[in-house]
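Look for subunit A in each of the two complexes below; its partner is subunit B in the first and subunit C in the second.
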Partner chain A sequence: MPLSRYCRIMAVAAALCFLPAAVLAQEFSPIKRNNNAPPKPSGPTPRIADGHPDLTGVWNGLGDNLLGVPNQIANNGLSIESESVTRDLHSGALIATFPRNTTRPLNNEQSERAATLLRRVGSNKPIYKPEYWEMVKNLDHNSNEEDPSNNCMPAGIPRAGIPSYIGQFPNYFIFIYPGQGGLIATQTMYRMIPADGRKHTPLQDLDGTYTGEGIAHWEGDTLVVDTWGFTSNTWFDQLGGYFHSENMHVTERFHRDGNTLTWTATVEDPDVLLEPWTTTPRVALLNPRPGAMLPESQPCSERDLSHIVTKEHH
Partner chain B sequence: MTRLRITGFLLTGFICVLVMALPVWAHHSVQAQFDIHKSVSVSGTVAKIEWINPHSYLTVNVKDPEGKLQKWAFELGGAAALRRAGMSRADRGGLKPGDQVTVTALPARDGSNSGFLQELKIADGRTYKFTTDANGQ
Partner chain C sequence: MQIKTVVLTIFMLVAVTASAVQSVSAQGNAALDRAKVLRAAGDALGMIRWSDIGAGGTRLPAIDIANTMEFVGSGTSYSSGQTFKTDYHVTLGYNPPAMRVEMNRTGGGAPQHVIQTVRENFAWNESEIGAGLVAGKGTATPATAALRERLLQLWTLPYGVVKAALVAGEKTTVSSENGSTVITFPLNGQLAGLTVRATLDAKNFVTKVEVKPDNAALANLAFETEYSGYADHGEILTDIQSPGRIVQKQGGRTVLDIQIKTWESNNPYLIFPVPPNVKTVANSR
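Moving on to the complex of A and B:
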C-alpha cells in the first residue's frame, strides 16, 4: 500500500477517534429516512432466568434518539408518512401537511413555521383545569423564555421519554438518558430504579427532584415504573407548556417485543389536570450494531436564548 | 496490508454514511436569533472551537478599529454540516487556536458580536461554505 494512502487512512481513523462520540452517534443513520413511522418489531424477545423479558440494551435504534428522543414528532403523537401527509397516531386520522420533511429548497422561515405548527396538531392532549388554560397557552407561546429544560437543565420524567440505555439487574434497573441538543437542550440524566418489592417513601418526605423516586415491578411481561416526588420545574411533554405540580405521579410502561421497546407514560396530577393523561405509545428500536455502546454525550452550554429577539420557537 | 485495506474500506463507508445525516433539529428558531437576509464578515484568529450541545461554537479574536481585541462567537451547524462543507478533521487538518480565519455569518439580530457561520476562509486561502437549508441541516 502506498504510504500516502496509509497516512490518509490513519488520518481518517484518528479523526474518527477524536470526533466527539456523541456526534457520531447522533448523526449515524445508514438509511436516509423520509418518514418517522414507529419501527416494526422483528426477532425473538430475549428473557432472563426468571422468565421476564430482558430489557438490557442500547435503545437508540439507528442513532435517532441521541439527537433527541426517539421519533420526536411521534412523541407528540404524529408520524410523518410522506412529504405532505402526516398521521395522527392517536386518532388514526391523516393530516395534509406543509412539506416539512423535504429536500426541496424551501426557505428557513417557511420550514421552521411549518414544523412549529405540525408539532402541535396531534389530538392527544392533556386536559387542564379551566383556570390553567391561559397559563399553559402563555407558557407555550413564550417557550423561548419559559421552557424549563431548554437551557441545559434536565428534561425530567416523563419528558425524557425512552432511556437510550437500560441495564437490567436482579433487583434494580439503570436507565441513562444522554444530554441532547435537538428539539430541546438538556443535560444527561440517569435513574437507578429498585425492583425489589419496596414501597414508596411518603410523598411529603421527598424533596422534589427531576427524576423523582421511581420503583419498578412486573405486570406480566410489562415493566411498570411508578414514580413520584418530582420538582415542579419540568414540563411533562416535549412541547406545549405542559407544566405540573410537585404532586405529579407518573406510571411508565415498558414492553419489549423482539428488537422494539414500546413505552407509554400516564401522568396523574389532580392539582392541575382534570383527568390522567397517557402519552401516545412511543417505540424505540434496539441498536442493531453488534457490540453497540452508548457514547458520551456532549456537554451542554446554552448561549443563544439571551440573544433571541422574537417569539418564534420550536 | 489486506487488513489495512479492509479497514480503509470500512472507514470510507462509514464516512459516506455520516454524510447522509438526518435533519438536525435546532433547539431554537434560527430566524428568531439571526437575520437570515443579511451577512457580516470579520477576520481574526481562532480563540477556541467547542463541540458542545445544543450548538457548537467557534470563537474568534477580532481587532476592532482601535486595535482592541474583541471576541466574536459563531454558532456552528452540526458536525455533519461541517463535513459536508469539506471541513472534517481529516480535511482541514484540525482548526486550532491562533489560526488566522475570515468568517462570514448571518448576523445576530440583537447587535451582539455573534452570528451563524456561513463561510470560513482559512490562512492558506481555502474556503468552506455552509448553508442553512430547508431542514436546518
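Moving on to the complex of A and C:
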C-alpha cells in the first residue's frame, strides 16, 4: 500500500474515532459566545391539538449561567452583537464597543464594579411620577439593605422574568422559577395559571401575593398572562429600586418561534407610574438536551448582608 | 528611446504606487493613533468596561458604560453681570442625551433657584424638579433659545468629549501640541458649526475643553472649561474617574468655578421626560 494512501486511511479513521466526541462536546458543553444578542430561532414550532404553539419545555438552553453578566446586560436591553457593535434595543442607540484591554486583567473588585455598571447602562427605564424619583434612586442606591428580594424572599412578578419550566395543559399552565443565588437571591416560585376563560377576582377581594392572580388566554399565537392582586413587597425589575403599589397590573406575553421563547411584561401602576412600562423583550432558548430536567434548587440562605459595609452592589 | 520611455514609465508607476502605499499607510497610522488616543481617554475615565462574572463560556467585548450621572458641588457662577455663590446640582444622561442643572445662587441680591433642563431637541426651565408632568405640580417653561448652550454643557463634559469624538469618526483628529495630546472634532446635529478641542494630560484625562464656533452667528457659544482633581467621587465606588473641580470661562471671564463634593457614576435612576407643553411649543416651531 502506498504510504500516502495509508496516511489518508489513517486520517479518516482517526477523524471517525474523534467525531462522536466532538459532536457530544458541541451538544453538551456550555455555548461559547462573544455576544449576548438574542438567540436566533431554529426548527419548527411544535403545536398542540387546538393549533396553538406548545410552550412546554425547559427554557434555560443558553448554556451560560443565566444570572451572569451577559444575560443581565441583555435583560437590561443591551444587545452586544459583535466585537464592535452594541445596540440599545429600546432607543436604538449604538453603544461604543471596544476590544478588551488584555494588558489590564481585572481583579475581583474591578470585575464586581464593572458588572454593576454594565447591567444598568440600558435606557429602558420606567417613568415614575416626579414625587417618587428620589425615592426610586435612593432605594436603588441602598439596595443592599432595601431590596425586598434579599433575605431569600420571592422575586415576584414580573421580576422573576421567563420561567425556567413551562408545563402546558388543556386548561392551565404551570410555570416554575427555580430559586436563584447571585444578583437576587430568591426562593423557588411556581404559578398555576388557568386558561379556561374565567374572569379575574375583583381586586379588592384579593389578598396581595408575590405572584398575584394570573389568568392566561391566547391572542393568535401569543400567550397572554394577565395578573393583578400583588403584594407591594417586591420590585418589578431585576435592578433599579422599581417599587410598586398593590394596584400593579402586569401583562406578560409569551411567543414561541422554533426553539426560542420571547417574553415581555407590561407594568401598569397609575398610583406611582406616569405611564405603563414594558420590559425590553427577552428571549430564552429551549434546553436542547432530550429529557432535560430542572436541577433541585439550592437552599437559599442569606449570610452576607450583615457583613456588607459599603453601598457597592453585588 | 522606447526602452527609456518604458523604464521611465515603470519608474513613475513604481513611484506613484509607493506613494499611494505610503499614503494609505499614513492614513492607517492616523486612524490607529486616533483609536488609541480615544481608547486611552476612555480607559482613563473608566468608561470602557467588561466583566466575566457568571459569564460561563461567554467573553463579551468592552463597552462604554457611561450613561446617567449625578454630581453636586459648590462655588461661584456669573450671570447677568453678577457673580453669585452657587450650589450646583447636576443630573445627566447620554442615552438619551439630557441634563438638568439646578442652581441655588446667593450673594448678588435676592436668592435665585433655577432648574434648567434639556433633552434631545427640547429645552425648558422647571419651577420644581419634574414640573409640568403632573397637573398642578409646578410649571415647565420652554427655553428653546437655550437648547444649544445646554446641550453643549453635556457634550463638553469629559465623558461627552470621548463619546462625541468617537461619533465624529474620521473627522476627529489627534495631535501633539507642547507635549500634550489634543483631540479635535466637529459636533453635529443641533451643535453643527461648533468644533471642540480637548487637551489630555499625561494620564490621558481630559483637562481642558475649548469650543470654537465656525461662524460669527455662534460666537456666544465659544467657551472653555478646565477639569482637574480627577478621582472616584461617588459614594458607590465604580472606578469611574470624575473631575474634582470645574472652571468655565467665556471671553476670558470665569463664569463657573465649582468644587465637586460627590459625583455618582453608578448609572443611577435619572429620567428626563419632556413636559407636554414643552413638546407642543417645540413642535409648533
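Quick note on the criterion: the second predicted complex is superposed on the first by the 260 of 314 C-alpha atoms of A that agree within 3 Å, B and C clash if a C-alpha of one lies under 4 Å from a C-alpha of the other, contacts with A are read in each partner's own complex, and residues count from 1 in each chain.
Following the convention adopted for this analysis, a residue touches a chain if its C-beta (ideal position, glycine included) is under 8 Å from a C-beta of that chain, and two chains touch if they have at least 3 such contacts.
Just so you know, these numbers come straight off a predicted model, no measurement behind them.
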Partner chain(s) touched by A:Leu89 [first = subunit B, second = subunit C, both, neither]: neither
Considering only touches as defined above, state whether A:Ala216 meets subunit B (first), subunit C (second), both or neither. neither
State whether A:Ile193 touches subunit B only (first), subunit C only (second), both chains, or neither. neither
Could you say whether A:Val309 touches subunit B, subunit C, both of them, or neither, answering first, second, both or neither? first
First (subunit B), second (subunit C), both or neither touched by A:Glu112: both
Which of the two partners, first being subunit B and second being subunit C, lies in contact with A:Cys300: first, second, both, or neither? first
Regarding the shared-chain residue A:Cys152, is it in contact with subunit B (first), subunit C (second), both, or neither? first
Of all the subunit A residues, which ones make contact with subunit B and with subunit C? 29-30, 32-33, 63-64, 67-68, 101, 104, 106, 110-112, 116, 182, 310-313
Subunit C-touching residues of subunit A, taken from the complex the two chains share: 29-36, 63-65, 67-70, 73, 78, 80, 82-84, 86, 88, 91, 93, 95-101, 104, 106, 110-118, 120-121, 123, 125, 127-131, 133, 136-137, 140-141, 182, 240-241, 274, 310-313
Would you pull the subunit B residues touching subunit A in the complex into a rising list? 1, 4-5, 7-8, 11-12, 14-15, 17-18, 20-33, 36, 50-55, 57, 73, 75, 78-80, 88-90, 108-110, 112, 114, 132-136
Using the touch rule from the top, collect the residues of subunit A that touch subunit B in their complex. 1, 5-6, 8-9, 11-16, 18-20, 23-24, 26-30, 32-33, 63-64, 67-68, 72, 101-112, 116, 144, 150, 152, 179-185, 297-305, 307-314
The residues of subunit C that touch subunit A in their complex are 39, 42-43, 48-65, 67, 93, 95-96, 128-131, 133-134, 137, 163, 166, 235-240, 264-271, 273
